[in-house]
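Note that the chains are named A, B and C in the order they appear, and that numbering of residues resets to 1 at the start of each chain.
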Amino acid sequence: MVKMKSVLAGLCCAAMLVPLAACGGSSSGGTTIEFMTMQASGTPQLKALKDLTAKFEKENPDIKVKLDPGTNSNENDIKVRLAGNNAPDIWATHGWSRDRYGNFLEPLQDRSWAKKLKSIGDDVFKDSDGKFYALPVDVQVSGIMYNKTVLEKVGVDPTTLTTWDAFEQACDKIKDAGITPILLSPKDIGPDGDLADYILPGMYKDSDLKNLKSGKFDTKVYQKYTTMIKQWTDDGYFNVDYTSASLDDLARAMASDQAAFYFRANGNAQLMESFNPDVKLGMFPVPSEVGDPYFSVGEDMAFGVSKKSKNKDAALKYIDFLAEPENMKELVKTAMNDSALEGVDSALGQFQDTYDYWVNEKKTQTVPFFDRVYLPNGMYTTLSKSTDGLITGQLTPQAAADQVKTSFDSLYGQKS
Amino acid sequence: MGKKQSSGQVVYSRKDFQRGRWAIYLFLGIVMLCQLLPFYLAITTSLKPADDMSSALIPRTSDLAWDNWVSAVTEGGILTSVVNSIIVTVCTTILVCVLGAAAAYPLARRTTRLNKFVSAFILSMMMIPPLSILVPLYSFLVKLNGANTYWGVVLVLTATNLPLSVFLYTAFIRAIPRAIDEAGTIDGANKFQVFIRLILPMLKPVTATVVIMTGSTVWNDYSLSSYILTDPEVQTIAPRVASFFSANTNNLGIAAAAALIAAAPMVIAYLFLQRYFIAGMIAGSVK
Amino acid sequence: MAKNNNVARASRRGGGNPFRGSLVNLFYVPTLLLLVLFIIYPLISGIGLSFTNWDGYNIDKAFVGLANYKSMFTDGNFPAIVANTFIYGVGSTVVQQILGLALALLLNARIKGKTVIRAIIYLPALVAPVVMGIMYYFIFQYQQGALNQIRVWMGMDKVAWFNNTQFSIAIIVIVNSIQFVGISMIIYLAGLQTMDAEVLEAAEVDGAYGWKKFWHVQLPLLAPSFTTSVVLNLIGGMKLYDMIKVLTNGGPGYSTNSLSTYISTVYFDNQAAGYASSIGVFLFILIVVVTFLVNKGLEKLDWE
């Protein structure tokens, strides 16, 4: 007992002393800005940011930048910070700089780098008067990712996959070869949500899109998508471990040439390359029922400065620093996308050749990410969950479309 | 296997026991296997290079990826967060034990209508879903300047862990015969003295239970700590480990190594405390 | 001793003994203070939010009356999720009582290495449920999971363990029970060890062995431990969150959600913080009612 008491007493003393010591260390003058990076520890993205920050701090010894690493609940984290009126000085906006965070962010259109901005789905990124709220690092260009080795093996030429019929025939061939045609999992809301987000633009005619924008949701049009997915499910196009596969499992299947198609951003290829450095990947545009195939584009890695930040000047200085081409280059390299500023090379990695083919040779059109333009903020989960319900047989194509309509109506009402 | 028993030990006869001995060991063996398998898989995962796609059950041993462990330590700043966790856990646990034991004494001994209500009220605090209080609690802490401070997180976690501690202490004190209090009162001690001199020393086993349960809950707390502590300099271990599992890239090897490092101090604390759990209980004092 | 006598004299004289009577209640005031500040106050604000259409982060919100509470009745996912919450609560409680009690009885006997065995059984309870969930996932994973690996060795096909809702729920209940069985075990062990050895020896002399002794002598004495363990497991099971998040994330569809995980989805992903708050209030009331009913039922068993 005596021993336990003395151990406890010792621990108490230690506990009292450490905070004191910590206080002494950190209050050494100058400004400290907090940057919520939303990038996981140990990722190339966070490493690049750390290196650049070290360089920045060297040039500006009176400013210290604290990088908060991300978690798997990044969007929840920032929402709680905003709700608590305690936003970080800088945070990663990932696709929502205007529609979700616009009220909280400093407009950046007057910064020196602003005129170098490429078009990144401006009707989502910018206000009608040209204001925008984040420094974009890269433009996400998304089509259907495919495994070159698999398609070669089963004899499918990806340049011919310009209609859904051709795509489905390819899937049949792949399935007959004992390979998973399409990778998907509902465990993270991403894959199912992206599937809907990538395919939907090709289901909506211009007049249908106008209806959506004015708050009219027609389940008939949405059912074109749900009916197709239902058919894919019945034909067995999705992976066997659909329900429980983690993003890791999906990446591993692609990396080991056990799957052909993946409806996700190119950045996911990094994980696949870490599993198998020799994996061969490409991308092709998404087929459309109402026009030509297209790539979806939009804001990806982007950083905004809090309007209420007490260290706004320092934060803006840091943002300007990141926007310098030589620094931007380092960040773009980690994104596997096109660069967002002129004068910075794109870095699509192994997607570069297929991307160049489609964009430069075939002049493939680009459309903005569907949910960000045509659906009210907060619909992505419903897209994902209704797709999941459909695939697991809990919803009919009709019921899945109804579920999306219900969510659309309630969120659209909330917005106005 | 003689019949000699230490006090407090349940007496089984030889007859009871030897019949089913092998079945008992088999059962215990299976349960232990269930408990150890996940740890084994975590260890093999932490030592697997990313491009090793073999099963975690039998990993290839030719090239163990110790660099996962190195990365976990160097890139995640995990050692700082271990120190932070020790500070937060020790302070919170002491507060929870002291306040909990004190609160339990009147609740166990003076079962008036008011105290019954207070007991029920405190117990019901355990049933609140954390998300129901998260945002208002966070805003409140920000107003107090308690975000990203040790005292902020310690007070919050003390509050959320107190109900369990009060509940366990109350149940335990109820089991102590009132004869002991009465004897104390006859000797002329007041309630405060009875509590300090007679009851408190008997609470050692339940305190060990409260310490390990509170300690592990606080050590592992993610749902509140991850919001209260965002600054890497004060952040505790659970949010830090979570920073290895982000939305798009999860390097499970590093994450598994980080998780094992995070679990180790708890296991050591448990082994240290285990003998206080059950040993000795009321034995000497009741008689 | 001398001090005691002084105090005794003081109280006989009726002198100012500050801890007489209801003043002993002062002992719980600090606890109540902390609870009111850090739980009740936020809870009341949270209840306030349940009458608004707040999205969870913007400044503006409007009062919508009982609309959120009404939506619970029209929400098609709701009945199944409430049912799941009960299954997680009751299922985990039952499994943990049976396993925990069995382990406690065995490890209270003379068994070689029981300290080590106890430590191993308690081990998973020391690890964060999120982390533990990921470790369990390594067992049930389709491609490289331990179970499927064993099936392959035995010449069987791999199984996608989480493709079926009922199966997924069962796995979650079992995994959650196994992780925390150590807590039930030590509660029962503590109960067994407080038993007076003399009572048990007397019982044996009277010819009560084995089942008879367990049923008629030990079990009634375990009533307080039983109540403690049941209440804790029931609350833990009904609030279950992390394990579901990691193993199925509520899928397929919404079918394995508990109310806790559903609150999180509604709050953050659907940006309906008002509705989420109302579900939070519902869950809180549900657990309070269930726990106190169970507690009332168990009190009859109590043997004071």
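Going forward, a contact is a pair of C-beta atoms (placed from the backbone, for glycine too) under 8 Å apart; a residue touches a chain by one contact, two chains touch by 3 or more.
Only a predicted model underlies this, so the values are computations on that prediction, with no experimental measurement involved.
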Of A-B and A-C, whichever chain pair has more C-beta contact pairs: A-B
From chain C, the most remote chain by mean C-alpha position: A
Distance between the centres, which are taken as Cα means, of chain C and chain B, whole angstrom: 13
Distance between chain centroids, defined by C-alpha means - chain A, chain C (Å): 36
Contacts with 2+ other chains: residues of chain C: 56, 144, 264
Where chain B touches two or more other chains, by residue: 53, 134-135, 139, 242, 245, 252
Contacts with 2+ other chains: residues of chain A: 73, 80, 83, 188, 246, 252
Sites on chain C touched by chain B in the complex: 4-5, 7-9, 11-12, 17-20, 22-25, 27-28, 30-32, 34-35, 37-39, 41-43, 45-46, 49, 56, 99, 102-103, 106-111, 115, 117-132, 134-136, 138-139, 144-146, 149-150, 178, 181, 183, 186-187, 189-190, 192-197, 200-201, 204, 209-210, 218, 224, 227-228, 231-232, 235, 238-239, 241-242, 259-260, 263-264, 267, 273, 276-277, 280-281, 283-284, 287-288, 291-292, 304
Chain A contact footprint on chain B (complex, rising order): 50-51, 53, 71, 75-76, 83, 86-87, 90-91, 94, 134-135, 138-139, 141-142, 147, 150, 204, 226-227, 230-234, 239-240, 242-252, 254, 276
For the chain B and chain C complex, residues of the former touching the latter: 1, 5, 7-13, 15-17, 24, 27-28, 31-32, 34-39, 41-42, 45, 53-58, 99-100, 102-107, 109-110, 112, 114-115, 118, 120, 122-129, 131-137, 139-140, 155-156, 158-160, 162-164, 166-168, 171, 174-175, 187-193, 195, 205-206, 209, 212-213, 216, 219-220, 222-223, 238, 241-242, 245, 252, 255-256, 259, 262-263, 266-267, 270-271, 274-275, 277-278, 281-282, 286
Chain B contact footprint on chain A (complex, rising order): 1, 4, 8, 11-12, 14-15, 18-19, 22, 26, 34, 36, 38-43, 47, 66-74, 77, 80-81, 83-86, 88, 188, 190, 246-248, 252, 255-256, 267-268, 270-271, 274-277
Residues of chain C that touch chain A when the two form their complex: 53, 55-59, 137, 140-144, 158, 160-163, 168, 247-249, 251-255, 264-265, 268-272
